[in-house]
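Here come two complexes built around chain A, the first alongside chain B, the second alongside chain C.
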Partner chain A sequence: MIDGFNFAYLDEATKRMIRRTILKAICIPGYQCPFGGREMPLAYGWGTGGIQVTASIIGINDTLKVIDQGADDTTNAISIKNFFKKVCKIETTEDTEKATIIQTRHRIPEKKLSENQILVYQVPQPEPLRRLEPKEQETRKLHAYEEYALMHVKLYEEISHFGSVIKTYAYPVRTNKRYITDPSPTPKFDNPKMDFMEALQLFGAGRERRIYAIPPYTSVQSLDFEDHPFQIQTWDERCDICGSNNSYLDEIIINDKGEKKFICSDTNYCEKNLKT
Partner chain B sequence: MYVAVKGGEKAINSSIELLDQKRKHISSNQDINISQLIEQLSFAVDRVVSEGSLYDKNLSALSIKQAQGDLVEAIFILRAYRTTLERFSYSVPIDTSSMTLKRRISATYKDIPGGQILGPTFDYTHRLLDFSLLNGKETSNKKNTPTSNDNVFFPRVMEFLNNEGLMEKEIEKLKSKPFDITREPMKFPASRDQWLQILSRSDEGFLLGLSYSAIRGFGSKGTHPFVGEIRYGFVEVKIYPEELGFEICVGEIEVSECEMVDQFEGSKKIAPQFTRGYGLTFGYNERKAMSISIIDRALKSEEYGEEIKFPIQDQEFVLYHSDNVEAQGFVSHLKLPHYVDFQGELNLIRELRKKILKENKDD
Partner chain C sequence: MIVKDKILEVKNLTHYYGEQVGCEDISFDLYQGEILGIVGESGSGKSTLLKCLSGQISPSQGMINFCIDKSQPLQDLCKISEQKKRSLMRKEWGIVQQNPRDGLRLRVSAGGNIAERIINEEIKNYSKIRNKALEWMDKTEMEKSRIDDFPVNFSGGMQQRLQISKILSSNPKLVYMDEPTGGLDVSVQAKLLDTITIIVRDLNVSMIIVSHDLAVVKFLTDKLLVMKSGKVVESGLTDRVLDDPQHSYTQLLTSSILQV
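Our next item is the complex of A and B:
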């Protein structure tokens, strides 16, 4: 560990404060709990919420996996993993199954998670109603009164204009039949994985100083209408590396003519698929 | 196979190395030392002290050196270090009336008891490039410049208006523990102690633009604020350890303070009177202290029952967006990969286009 800093960077009092907030968040699924977020040595908007949550729950026996866009080797995922290696000296892994804590930005791993795992999301904007109402004082009231007409009207308008809801990521969900929750900017493809997930899901928003949680085995429903049921993305193509036709694909431009190939966004899933 | 996707770790390490190389003083062969920065770039050091909200000029200068002169980056480095420090006590409020003054001016009275003290200021310089500084031949020649006498008491200009009852009373003492923005999440409606703390470490440029917008026309009533008093100098910081039962001085800090006089037409209950805006910053940051005092007054709009229609009056607008550590972080996060979200948008736009193009064809 580097000199002059505590295990996992944050001092113990701060970690305790964050763990208390996490416990409260677990008790009220989907409710955004304010917390006294700290400045981290990584920039706001680059995962400071997730990092603070991870730093507060990580122990010496944990194995950490960090992904960004589903990949273990994207630059910021590596930077965060290196940060924890520096301040905790813990084991890290790329193997989804071996990790006890998975910190993620923009994806949920394709592999089903289990009870002894915790998924930590980095959240840029925890408030699903923010685009509809810029004031925090107002949105807190709307949640308190369970007054979600704004959101339903918005989805209805999209359907009437475009024939379908045009949100492709950060698609709002209802947690435990109560709070409308932002799943962080994961693609809507990942929303069904959140429903009754066996792993604990923790969400950290550093800049906005909010933590929220979805406990294991909790109902998470994507908002929709009976005659316009929620649908996830599909591709006509398969992964060019492993041949998968059931994972989220990224499009890659391979030459100057703009020809495209598609590959799995979840690199660990792709690798394992290739081996079997 | 895919260069763009693989090899993040190597790329990061090389990038960090390149950044380090950029700072290497190859052609000049002269390393800048910290004391040079403190003495010769004192305004930069003060800005970082103020916005990094850590009163340590050495560390401020170090962070400027490390950030290669990028002040917002330096502020970020200093802030990140600041969070790790233990806090052992809250100080008692500083008393700026007993400041050892280096500068003190008022724009509302020609003469004031104690007099106007210009001190070091750019105000009356002509902004002509001084080519004699090019070669760095200047020798230090320290004269004893006059500063105010410690023992002279300088009454506050605002008190004269206050005594006549023309001025809104300043809040006397906080009834409860002050809000601590470094320990508590933002709360709305915000309290004055909360917003003054936030403004004190906010981005100078943002505050300047905001206060300018108000006096140019995007502010309440369009009245012209007056500088009641600006002070810059040293004040003692004292703490009150319970077990000792008396105050002890733990050091001296340099601060800039501005008190702005504004108008208020009065309401059914309150007779017309002047209102005040207050600004305080670490170091010599007069421009920023002035900006804060204009914003402080504007944020009191709600309290005075004034219509809130401009950005500067809107608490959430001002307080959520004025911190440059937060702002630069979130703006720069757009550089992070967004392949996954963008893929979603790509699929969607293709589908929507397909639908519309097909309908057009059918027509």
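Our next item is the complex of A and C:
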């Protein structure tokens, strides 16, 4: 640890405040709890919410993995990992199975998570109804009274204009049959993984100062219509590196002629797949 | 004689804006299928009354008893929870705003606007919702082909029709209309009034219409309240009030209609 910093950067009082918020969030699955978000040494939008959550729950024996768009080796993931290495002196890993805390932006690892792991999401906009209803006072009432018709109006609109629901990421879910929740900008491919996940899922939104949670083994249902059921993305191609046909694929343009390759977005999954 | 159910019972309704009187000591009953008109000059308390009745403001004094369930006695709206009130607003009541842009979601298609109230009734089937929306567009004489168009691109008359079909799609018991034909030209007005009468008689909904246009009131309503300075100065059957006005203000009002 470097001198002049408390363990995990935040002071103990702040960590306690965030832990209390997390406990409340776990008690009311999917409910957005306000918290006193602190300024972090990086810009809003780069994971300040996720970092604060991780900093409050991390202990000296934890092993941290950070991914951005599924990859361990991206700028955001590496700098957050280095940050915690510096302020906690803890182990970090790229191995999904070895990690006890996984902080993520945009993906849930392909490997099924277990009970002794915690998944921390970085959330830009925690309010799923925000684009439909700009007033905070009103959206809170909509949640409190379960007035969720607006969300289905949005799905109705997409089906009537485009033939199907075109929302492919941050696809709204209903947590524990109660609160409509934004799964953060993860692709809808990952929505089914959230349902009855064994790991605890924590969501931190730094700019908006909200924390919400999905406890382990909680029902998470993607919204849909009876006659237009929820579907996840599929690809005709396989991963160009490991040959997987059941993971989320990124499309990579490889030259100026527009030729492209599809590769796994989860780098750790891809590597392991290649070895076996 | 058919005994009709009482839908709304207003007793001594009073609302003050600070020291200022909004409306004072207003009492009336409304039965199912009945259309009540409220007329009066600007600032006479018509809109305040309408806002109190539709739960947008809570009155300073008095009671507004509404029939939530036919098998139960009327309930005082000032005493029910906000949640219950909001659910009434979404289903049992409808408020047709004077400016349709206030009552519609302009960035949502015509079908989506109607769908919102249908979805409230727990229908989660896309084709059913869409068919119901089409049905309502047809009933209000809108072109079905415009179901996916946005209300911003509609004419004033069309927007008003859309607002009406949106509200009626949840089969409300009571509809409030605030100057439903304000800002529309005369021929569009006439057509819209025709549509409203047909649908309302067909569905047997009760309505309260606020207007300063006596012609509209005469055409649509059964009963009439004439308001001045926050008080009801005359009330009765519309034909009686307009043909044989008793109060000096009503006399002034009926005599100031321009004759063409």
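Just so it is clear, the second predicted complex is superposed on the first by the 276 of 276 C-alpha atoms of A that agree within 3 Å, B and C clash if a C-alpha of one lies under 4 Å from a C-alpha of the other, contacts with A are read in each partner's own complex, and residues count from 1 in each chain.
Here, a residue touches a chain if its C-beta (ideal position, glycine included) is under 8 Å from a C-beta of that chain, and two chains touch if they have at least 3 such contacts.
Quantities reported herein were computed from a predicted structural model and do not represent experimental measurements.
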Have a look at where A:E226 lands relative to chain B and chain C in the superposition and call it first, second, both or neither.
-> second
Identify the partner contact of A:N255: answer first if only chain B is touched, second if only chain C is, both if each is, neither if none is.
-> neither
If you stack the two complexes on chain A, which partner ends up touching A:I159: first (chain B), second (chain C), both, or neither?
-> second
For chain A, which side has the bigger count of touched residues, chain B or chain C?
-> B
Could you say whether A:L150 touches chain B, chain C, both of them, or neither, answering first, second, both or neither?
-> second
Classify the contacts of A:N61 with the two partner chains as first (chain B alone), second (chain C alone), both, or neither.
-> neither
First (chain B), second (chain C), both or neither touched by A:N116 | neither
In the superposed arrangement, does A:T276 touch chain B (first), chain C (second), both or neither?
-> neither
Where on chain A do chain B and chain C both make contact?
-> none
Can you name the residues of chain C that touch chain A in the complex?
-> 82-83, 86-87, 90, 105, 108-109, 111-112, 115-117, 119-120, 124-127, 129-130, 147-148
Within their complex, state which residues of chain A touch chain C.
-> 141, 144-145, 147, 149-150, 152-153, 156-157, 159-161, 225-228
Could you pull out which chain B residues touch chain A in their complex?
-> 1-2, 4-9, 11-12, 76, 79-80, 82-84, 86, 182-186, 188-189, 316, 320, 325-326, 328-333, 336-341, 343-348, 352, 355
Complex contacts: residues of chain A adjacent to chain B = 4-6, 9, 11, 34-41, 43-46, 48, 68-71, 73-79, 82, 105-107, 124, 134-137, 162-163, 166, 168-169, 185-189, 207, 209-210, 233, 235, 241, 248-252, 263, 265, 267
